[in-house]
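Structure record follows, encoded as structure tokens.
As written, the chains take the letters A, B, C and D, and residue 1 is the first residue of each chain.
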Amino acid sequence: MVPIQYFIGLSAILFTIGILGVLIRRNAIIIFMSVELMLNSANLAFITFARMYQSLDGQVFVFFVMAVAAAEVAVGLALIVAIFRNKQSIDVDQINSLHG
Amino acid sequence: MNYYIDPLTLVTFFPVIGIVVLLFLRADQKVHARWVALITSLITFGISLAILAQFNPANPDLQMVVNIPWIQVAGWNISYFMGVDGLSILLILLTTLLTSLSILSTWTAVQDRVKEFMIFFLFLEMGMLGVFLAQDLFLFYVFWEFTLVPMYMLIGIWGGKRRIYAAIKFFLYTMAGSILMLLAILWLGIYQDTFNVPELAAMGGIPPNLQFWLFLAFGAAFAIKVPMWPLHSWLPDAHVEAPTAGSVILAGVLLKMGTYGFLRFNLQLFPIASVKLAPWVAALAVIGILYGAAVSYAQKDVKKLVAYSSVSHLGFVMLGLFALNSQGVQGGILQMINHGISTGALFLIVGMLYERRHTRDMDAFGGLWKVMPIYGALTLIVVLSSMGLPGLNGFVGEFAILLGSWGAGLPGGVLGSPWFTALAALGIILAAVYLLYMFQKLFLGPVTKEENRVLSDINWREILTLAPLIILIFWIGLYPNPFLNLMSASVDQLLNAMQTAAVAGIP
Amino acid sequence: MWLSEAVSSGPQFFYLVPLVVLFPVIGLLVNTAFGGRMSEKAIGWLASAAAGLSFVVAVLLGISLLSYPEGAVVPIVDWITIGELNINWGFQVDTLSVTMMLVVAGVGTLIHIYSIGYMHDDVRFQGDPGRYQRFFVFMNLFIAMMMILVSADNYLMLFVGWEGVGLCSYLLIGFWYDKGENGIGNAVAGKKAFIANRIGDFGFILAAFIMFWVFGTFEFNAVFELAPEVASLFPAAIVAITLLMLVGVTGKSAQIPLFVWLPDAMAGPTPVSALIHAATMVTAGVYLITRSAALYNLVPQVQNIVALVGAATALFAATIAVGQFDIKKVLAYSTISQLGFMVAAVGMGAYVAGMFHLVTHAFFKALLFLSAGSVILGLEHAHHHMEHNSQLKLPMDENDLHFDPQDMRNMGGLRNRMKISFWVYLIGAIALTGIPPLAGFWSKDEILTDAANFNPLAYWMMLAAAFLTAFYMGRQILMVWFGKPRSLPAEHANESPPIITVPLIILAALAATGGALNLPMWHTFTHWLEDSLGHLHAAEFSLQIAGLSSFLVLAAIFLAWLLYGRKYQAMQELPPDKRPDDPLRPILGPVFNALNHKWWVDELYWTIIINPYVSLAHFLADVVDWRFWHDWFHDTVIVGGYNKLTQVLSIQIDLGVIDAVANKLGDSVKRAAAKWRVIETGYVRNYALSFFIGVVLILGYLILR
Amino acid sequence: MIPDMILFILLAIVAVTSALGMLLSRSAVYSALNLVLNFGTVAVLYLLLGAPFIALAQITVYAGAIMVLFLFVIMLLGVEQLRKGSALPWQQTLAIISGLLLLALTAYVIFIRPMTLPQVSPTQLGFGTPGAIGEILFNKYLLPFEVTSVLLLVAMIGAIVLTGKREPKTKT
């Protein structure tokens, strides 16, 4: 059996990559994909702990996270499409009306 | 996992479902909004009937209890505690029934912002049911204050000319009393460590002099709501300005929250103070009876007349409750229902007239019986019921109240003098005076105004609105025992507990 | 007693007693629901049949009582049960209640039949045929309520009927609610009746309260059984109960001081006056006292008061009757006066005499009212006929608008035009005045005999009343039927149809022979009532008293003939402006005016009770409640005071102190913000980065601390 | 033990590589494809961890449905070349430094700080199967499950409303 730590480590690495994607990239779609990656790494951690504690609750939770992710993607992509219609761009830096 | 929803929670919050549906309607879907509200209120009424079927009249304690810890911080012990017993079961039914009928009565009367009207109305129903079902002081207070908001909106948005003035007056008056009650509730919750009403009642042990102050604090809130003389000044304003359905609910149910509060909290929690203060409350009640009757007689506005008559009628209720014997208290509870039915019907009747003629000045009418015979006959029944003719509902309640208060006036009773009853019985004569005067002004004599000649008699919807109330008027009048049986066990238990506490408390 | 021995074990129909209420209720329900689709005849006969069936049941009950004189209590249902309070609806069947049932249903049925004809015309004269149905519904309701009243086995059910008949009275007095003085007179009369009755009921209900807390029950049998015991423990309670009941009686039976409603009640259609305001409802008070004999017997001082109230009423009302011109008003005051006789009788403990007079009075007073109705109808017919007849139009004009078919000054000489009505009216009048051997003589004589024995003061008052009775009846007979017609309608009046005259003839027969019920030789009625009331003394027939009263009656009639048979006719020759309207006016002067104005009792009540109450109500409503409490106290004191307070707070304290501090603070914040705004780039990524850095820092702190 | 370890290391390398590929590739399409690969790899890891149902759900939902949606949107909007030069000069550097710090923290927690983890026992038969998941899902988590359906419905309506053509406003 592979030690639990490795899985957690892998999960952390993937999570960090996801964060970097959100912070560095300007393409809204890729940012979005990075968010998905982060969710995915969290899922990995959940499954790992479910295995560790021999409890199915973790897996059920992952199931719900997937459902939420699906919903989020649907709405998120719709938002992106809507924004693209308005601004003809998916560059998040174009959207800075909060600028003080 | 059990997802069973207890009936009391269901009946209280069922109107919310209707509200959610209403939110999805467009503003121009008036008919849909009406139907949604009507069906919701009818289902709520159905649920309350199911509760009645489940209710065991022989059991004097709270039934169908649900008790879930709610706010448990900093040593506070607040719970979501609902229950129904003989003191409240009839009021629940009255509330759900009158709500349905009121919604039916707005069918053509409310044309403006129907959706919002219905939303507020259903919220109001939720709040009222909560007030009658809550058995935790804090929860009760939340519902109590909650009812203010929709009523404020109903008066303030759909009311008459001076609606803003009336709405604000209504709100401030009730708030002023409530604040004293809130202080008393907090005192009880903190020093007695619970907000749970049965527990507080069972504990006893509140020192008599403190009971006195707590009685007054609770009493202030309730007396304003009843309204007891001389705190009635908000009532004519609110009634005159409120839309018909609002008046019906205001008179039919909201005022009962005050008398119910006295019954549930003051009598139960502060028995010693109740016994000691009973003659004073009875004195105010008797003044209210006579004063209300006299002032009613001098009104020109028929709605105001009915409003002041409420002061008189609720004086009877208070007199009965503070007779502190089973005839008086049961009569008082029954009279709450009777007043809800009769005065509710009177406001519906006035509303129908107002919808046709857009005036409530009694001088503008006369001879309507000839023009609108069905309407006249139904009004006559309601008027007779309101003045307490035997065989109709008002008599049973008033007779029991006066019989009880006479008994309480004998040596050994709490009132100490039969004069309370003798004077209150004069109120029955005066009731006949102002009600027959009203009936004569509206319906008898020749038709003097041309515009009255063409009025249409009431239609099927309006008959349907009044029919359940008329049936109840006869039912309670001819065979009141089913209603009395519902409350007798709880009332007897309450009185026994009070007697024990009062005997123990008075050295 | 001997009757029950003769029929040793007959059939027993006591279980049928609920039907006496049920039949009229069915009648009224059917007429309410389907009357709109039925013909007038069908409605009227259905209602009459309902009353008639009640009568049949009452007869069956009477037959049963012959075999089982002890009667029975038939319980139906629990009505109100609260704690120790338990009110049943039960029927008391005994000789007393059955007597009342027979009178109510018997006279009621005849009047129903009469009304079929009378109301047919009346609704047309008044111009609203749609109300025909309503009339019979109300009449059946009345019969039902009256039956509840007389058949109740406890005081509270009696009270139900008591108020119920009051309601019917209200509805029927105001039957033509759009007619009368200023169009509202009839409605006002109904209201007056209801409220006067309510004042009486106030006494009754207080009596009921005392009774409950002393006896613990309302049931007749239980109360009467306990009465002697209670009387020794709480004598004051019995006195209070009986006195308060007397208040109820003065309301319902129109005694001093509450009699004022009954004359006004004549606004109702004539059959209503006959049934409710002469024969049945108004006698309920007499029934109540008779029923409560066991209580009244315990308190002689109250009995004395009752007797004096009755006798005073008898005399007082008789004087007023002398000065009236309205044919029905005369009869109304006569009714009050006769009720006074009955109340006086039962007050003296002469229950049999009171009940006897009640029965005979029901016959002859109903007869008088109904034949008066026939007269009114005849005049109205003629009046209407002439209005639509253009040739006769011209001479009609002077009294066209003011023609009052009930004013006796417009009558005269009708005996030739309406023969049947005349003869039955004459029989009724003779019965009322008390000329032997008609019914009134026997019953009135019995009362007078008892009074002579027990209460001399009442005796002399009633003797005077009897004299006046004969005088005003003679006056009425002479003014209405004799002499020459004094108006065109009176000249052309015609006899009424058989549907009206047949009931009159039946009633006339009863009025003539009703005295046979309790002839002094046999005392049939006394023995009959003994089964309900226990031992009763029977007044011995006294030739002296009977002779004196008969002599007075004949003298009064002679006096009436002098004045109205001769002088009045002679006066008709004088020119109208010099002619007094009544021959008594020049003789009595201002006294006649007082009689005509009913001693100004109505005006007195207006001045001392009603007007003050109205002013008080307006004062309370307008000045105290509205201007002082609503406007001044709440709007000026509270709201105004609060506004002042807020003014002070907002200008001096808020603007002067708090606002200044806040403004300074705000300015400094503003300056700081201007420097810091550079940070806000507006890029989401940027914010996310700072968020992330924060997360890392906090995590690091948590892990490494 | 050893084969599992080898498999894990291989999969980990693929996963990290594909994630980096997603992060760094110029074209959004490549990013998406890299992400698909990453999801697939993680699914295999789920299998290793005894979660077959979730693994398959991962393939269908993520790799199947979600990524297809992404690709559709990318195709729909066209491949856009963003302007060169960022408005935030420090953004990239700070982000990377923070990321590394986070990793360092994690590594410290996992590998350096003494940590006692429970001994992982072999899985029982039937752990994580669709049947077992279903059982727990429809008993213990029935209400949340139903709420999820509402959530999906709301998301669907939201997506339709957001992307739908703007109709001329109806008079209210």
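What we mean here is this: a residue touches a chain if its C-beta (ideal position, glycine included) is under 8 Å from a C-beta of that chain, and two chains touch if they have at least 3 such contacts.
What you see is a predicted model; the values in this text were computed from it and never measured.
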| item | value |
| --- | --- |
| Central subunit by CA centre of mass proxy | B |
| Contact-richer chain pair [C-D vs B-C] | B-C |
| Centre-of-Cα separation between chain D and chain C, whole angstrom | 91 |
| Interchain centroid distance [CA atoms averaged], chain B/chain C, Å | 34 |
| Interchain centroid distance [CA atoms averaged], chain A/chain D, Å | 6 |
| Cα-centroid distance, chain A relative to chain C, in whole angstrom | 89 |
| Numbers and ranges of chain B residues touching at least 2 other chains | none |
| Shared-contact residues (touching 2 or more other chains) in chain A | 19, 23-24, 26, 93 |
| For chain D, residues contacting two or more additional chains | 87-88, 91, 95, 102 |
| Residue ranges of chain C touching chain B (in the complex, touch as defined) | 77-83, 85, 128, 130, 156, 159-160, 163-164, 167, 170, 174, 177-179, 182-184, 187-188, 191, 194-195, 198-199, 201-202, 205-206, 208-210, 212-213, 613-614, 616-618, 620-622, 625, 629-630, 633-634 |
| Complex contacts: residues of chain D adjacent to chain A | 1, 4-5, 8, 12, 15-16, 19-20, 22-23, 28, 31-32, 35, 38-39, 42, 45-46, 48-51, 53-54, 57-58, 61-62, 65-66, 69-70, 73-74, 76-77, 80, 82-83, 86-88, 91-92, 95-96, 99-100, 102-103, 106-107, 110-111, 115, 117-118, 120-124, 127-128, 132-133, 136-137, 141, 144, 148, 151-152, 154-156, 158-160, 162-163 |
| Chain D partner contacts - residues on chain A that touch it in the complex | 1-2, 4-10, 12-14, 16-21, 23-27, 29-30, 32-34, 36-37, 40, 43-44, 47-48, 50-54, 56-57, 59-60, 62-64, 66-75, 77-82, 84, 89-91, 93 |
| In the complex with chain C, residue positions of chain D that touch it | 87-88, 91, 94-95, 98, 101-102, 105, 108-109, 113 |
| Residue ranges of chain C touching chain D (in the complex, touch as defined) | 681, 683, 685-686, 689, 692-693, 695-696, 699-700, 703-704 |
